[in-house]
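Presented sequentially are two complexes of chain A, the first with chain B as partner and the second with chain C.
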Partner chain A sequence: MTDTSPTASEQMLSAAREDLIDQEPPRRSLAARLSSKAVAPWIFITPMLLFGAVFFILPLLYAFFISLTRWNSLSAPKWVGFKHYEYLLTTDPVFWQTFWNTMYFAAASIGIGVPLAMVLAYAFTRSKGRTVWRSIYWLPMITNVVAVAYIWKFVLDDRYGLLNRALGFLGLGAPGWLTDPNLALTSVVLIFVWMQLGHNMLLFSAGLASIDESYYEAARLDGANERQCFFRITVPLLMPTTLFVLITNFISGLSYFTLMLVLTDGNGGPLRSTTVTALYMYKMAFEDLRMGRASAVAYLLFAVILVITLI
Partner chain B sequence: MKPVRITRVSVVSALTAATALVAPSVAAAETTITVATHYNQEQMGPLLACFDQYTAENPDIKIEFQQAAYGDFLQTILTSRVGGTSPDIYNIYSVWAPQLADAGTLDEPSDEMKDWIRANYGEGSVGAATINGTLWGIPTELSVYQLFYNKKMLAEAGYDAPPATWAELKEIAAAITTKNDQGVIERAGYVYGPSVANAVHVYYSQMYAAGVPPYSEDFRSTNFTTPESIEIVRRMGELFAEGITSNTNITDDFAGGSAAMMIAANWNKAELQSVYGDEFEATVGIAPIPNDGGDPGTMLYSFLWAVDSTSDAKEESWALLKWLNEAQGDASLSCTGEMLNDLGALSGNLADLASMDTDDSFTKPFVAAIESGAAKSQPNIWAASENDRTLRGYIEQVWAGNMTAEEAMAAADAEVTAVLSEQD
Partner chain C sequence: MAIVKDRSNWSKLGTVLKYTLLTIGAFVMLAPFADMFLGALRTPAERISQPPVYFPRDPQWGNYLRVFTELPMLRWMGNSLFVTAMVTALQLLTSAMAGYALAKYNFRGRDILFRSVLGAQMFPFFLFIIPIFFILRYFPLFGGNDILGQGGSGFLNTYAAIILPFSITWYGIFLMRQFFMAVPNELMDAARLDGAGEFRIFFSIALPLVLPGLATLGIFVFVYQWNEVIWTMTVTRTAPDLQTIPVGIYLLRGAFIDQSTRSLQQAALGVSILPVIVTFLFLQRYYVRGLTAGAVKG
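Then we have the complex of A and B:
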């Protein structure tokens, strides 16, 4: 008869196995876990997330809360719900005027500025001394906006301005570039286009540099002229740059007001013709102390920009 | 015994060290008063010298000066309040006071201080520092509106006296106005300007000249739709419609020699003196606001010294302000009065005003308006900045010919009354 009972050594081995099975896997140290690939990226982006939360998300949420209150920044906010939004959209006679002024300003500045910048960038890419030209067109961008405004005030002055003097020399009338309510905003658009031209040209130049010259060579071999090269090759291949320039210009146009503030001595006149929504909001907040209503204006403007950007 | 000796030495050393430490901390217990104004370092010269004198006489007081540009002053107050670093003393424009007082920003002076202010300041300037019957500070610089006219231009056009009525003003202005080849007014008979005050303060001055205050007594409704008001605004529009003035022609043109008349405040004196030099008195004339008979009237506005309600040194601040606004020793002017005198400005303090050199032909009519009570204080209405801007907007509609005076003032009345009804 064979003895089937386990030997003592087998029993010990079995007991040791059971102990091992019952035992939990060893815990990894905190340092080991922090250095794992899954956690490391979060550690790197945490400062940015914290920065974003403190300086973007919290102010956004706070501004929304403020937009639902009446607050003059000196005493406690009073809850008014959506009354500011209701007032702005249904009662305020100025809000809609400033809104359409803003739309006109943003649309006209890209309508004139973007094609002009594209054409000039294309022309200068093929010209001698392109760096010099680019630097000259870039100068308004690095000039202080107050200086820009004062220079243009002298140029556009009804009586003594260079432009009207030149028109007078040609026997023409003297438009009130900054004093006629029908002309003032267009004048501001033209100055803004002049200011932004160098910046947009630089972006288009970068886009043009990325277009392979072989496309043009092939087109010319097939008999294409300069106009056809521009419209059939340059414009389509520049589309990503154009889209970027259009969106960034439109967004900055929607929230821009510095030039109007300086050109019109802070009044946005004549007859509020140069009062854009951002200027209206600025005066509402810091002159009228209507922080709640100004926050509501900011949110309405934000909504418009968001929708346009998504489209 | 050695251990005991060491302990005594230690105690003596510790006491000596403690005494040395306590001495600077006692010195550091002095009260610091921060004074914020829109005047710059140079303009503040006389007051800064007075600060030094005051701190020398009161070693426990330290005074710090903060300057903020006029356009940024209100924002500076707001920001400092939010940040908990408010100055103790402000020099504020009177129309800011209603909202600052309503928000509890200002400290109410004691009854004794109020009595002192009422006894030493003119009625108009006390009114400018009063909101709903409560006096909130000490009036300082006064600005009074009158008609400015270029004596030489009027003489050239055949007029040897300023206009007394609006009809005369229009006639003289039309005779002086000239246009260039392009049809632009080169020399304007009368000018307004681009700022809110250039239209609204002029309108208020004309309303007081017509004997009608622009707002009701409780500042909860307007008198914009009264016949006098409509007539004033209609006449403004007439000057634009008839090509006597335009948006191109502004108050700066008066100093530039291309405008004959404007309604403006006395603080323009320094600039006009520097422009015209020796010819100043022979060129610039001042006359009451033209009206259609009755007593003369106009508007004044004031700045005032006020104390922040959260200040840790309210009592010390009021004491300093009283000292700064009383002539010290043999001086004929108070410290504030001396600063305003150097600026060519007028003081609301009657003793200062009497001691100032106000006998020149420019200043006399302004002082006369203050002393006679003809100059009424700008109404300290609720949300003055917003309401004034609204009013300017509708006045401009009349200038542009887009609205009749009746339509514009009815619309302005509706909007402004709605804002006025927001106050508690």
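Then we have the complex of A and C:
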């Protein structure tokens, strides 16, 4: 024991020394290699690749797999193939109802919102005190959707809402803004337009800023008035911006459902009148625990959006 | 901008029309907001009186204090701040790194990757809610899960579940790439000649030059994340300790049942939007740049 232990520790020491001598040069070159032009970009891009794999590609495949099964998330999934897709497209009346609600919502919100944003942006870029106007019009778009929903729930309440009490005071009727199935979705559209107005005005004013002022000066010299300037110069030259705003608003409108969810306590009522397809999916997944069918709804809605995007 | 020299009646009418429009619009924008802030100050009787009372005669300032004593507002606010700060920091770092690689290096597959980043932006968020929920739930080796992802609850009911899915956005990568494209290559080549490694070049030369870009992305992410509701609600429904302000107020809606507690609810909502408004007033010019950069692409 007493003979061997010094030798052993000596051996270990010298081995360690050799390790140091052996490893030091390659270690330095490893650091140098990592920060070389060939390797560094891959290190910079690694977080994106990891995220893309775990939170983009994997979920897309996983969701497709789930959509081919019957699964309540508590017991094991049961393979059903394309049954959910078949059921939704051919049998389920609710799916089509929500589909038309979605189309109405997206179409009505651009039909009302885009012209409004264009006219207001035009007025806004040619007036004084632009910072003040801008801050006012931007307020709703930086407000969280819960606050937006409750601001309007209080204003539009049937009996105690500010609006209906004011209408009643003037001796007018009191529409059920959010309780009448024929009116509720339109009310949601109007609230959504109110939310998005600042955003769209901003896009339009960026487009307006790129129109050369000399067009207007020339038109004025020829005696054109403000209205003629707007319809003959602004509207045609703003076409690319208008198309961009229309398309992006329509697509984001098709996938939107947060406002409806919060406004209606998550049930998309009254009588499903505000249930858009994405909300139908969310309820199906997290209330009814039908993960398979809900994933099929998500993929069908995505297919619709994809087709519209590609057109 | 336009100098209106023409003094014809039409042009005067146009000016009047312009300001009338803007004023009506501004009223429609502001009146509901004011109704929320003032509603928090109305007495229960004023809330239902006929004719309606808009400006309260005896403002109930105490309601804004009750928000902090009767609701877990401080807890919510801490969660909101923590989640928003983490997401913003993560996204600035990861987007800048990826954007830099895509803008400033020639490596195999770069163009395909960049096109994928553009294409990935087309995929709507609702498509990911269900699968990401279960990927986090069955994440191997976390939250009591075994290597196959069974047995525990994974990342659910942790801050990671709220933060991770927002740690990178395709839009952020795209935006940062655009900003890095404008940085001249000569600067980086000069540093290389002086023997600086690629990481030094990134952190001490390239990054400081895109500070406006970082500010743009930063305010964007901040506003988005502070206001995020759907995802946070989905993963914290059963974890009140992790809820952010808007999610907490929404999920507690059953508690606001009479006119007095509704004033409390309005006060809480008012508190929830104040931080964004204040941030925005100072940094709004950066926000414009983020939105319009997205528009140029289309």
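FYI, the second predicted complex is superposed on the first by the 256 of 311 C-alpha atoms of A that agree within 3 Å, B and C clash if a C-alpha of one lies under 4 Å from a C-alpha of the other, contacts with A are read in each partner's own complex, and residues count from 1 in each chain.
In this section, a residue touches a chain if its C-beta (ideal position, glycine included) is under 8 Å from a C-beta of that chain, and two chains touch if they have at least 3 such contacts.
Keep in mind that what you see is a predicted model, and the values were worked out from it rather than measured.
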| item | value |
| --- | --- |
| Simultaneous placement of chain C and chain B on chain A, clash or fit | clash |
| Touching partner for A:Glu287 - first (chain B), second (chain C), both, neither | first |
| Partner contacting more residues of chain A (chain B vs chain C) | C |
| Partner chain in contact with A:Ala298 - chain B first, chain C second, else both or neither | second |
| Which of chain B and chain C A:Pro181 touches, first, second, both or neither | first |
| Partner chain(s) touched by A:Arg227 [first = chain B, second = chain C, both, neither] | second |
| First, second, both or neither for A:Ser75, with chain B first and chain C second | first |
| Contacts of A:Asp265 with chain B and chain C, given as first, second, both or neither | both |
| Where chain C runs into chain B (options 3-11, 93-101 or 147-155) | 147-155 |
| Chain A positions touched by chain B in one structure and by chain C in the second | 73, 159, 168, 265, 286 |
| Contact set on chain A toward chain B in their complex | 72-75, 93-94, 158-159, 164, 167-168, 172-174, 176, 179-181, 264-267, 269-272, 283, 286-290 |
| For the chain C and chain A complex, residues of the former touching the latter | 1-2, 4-6, 8, 10-11, 13-15, 17-19, 21-22, 25-26, 28-30, 32-33, 35-36, 39, 47-52, 54, 93-94, 97-98, 100-102, 105, 107, 110, 113, 116-117, 120, 122-132, 134-135, 164-165, 167-168, 173, 192, 197-200, 202, 223, 226-227, 229-230, 234, 245-247, 249-250, 253, 259, 262, 265-266, 269-270, 272-273, 276-277, 280-281, 284, 288, 291-292, 295, 298 |
| Footprint of chain A on chain B - complex, ascending | 71, 74-75, 78, 81-82, 99-100, 102-105, 180-186, 194-196, 246-248, 383, 385-386, 389, 393, 396-397, 400, 402, 415 |
| Footprint of chain C on chain A - complex, ascending | 32, 35-38, 40-42, 44-45, 47-48, 51-52, 54-56, 58-60, 62-63, 66, 73, 119-120, 123-127, 133-140, 142-147, 150-152, 154-155, 159-160, 162, 165-166, 168-169, 194, 197-199, 202-203, 206-207, 213, 216, 220, 223, 225-227, 241, 244, 247-248, 251-252, 254-255, 257-258, 261-262, 265, 278, 281-282, 285-286, 291, 294-295, 298-299, 301-302, 305-306, 309 |
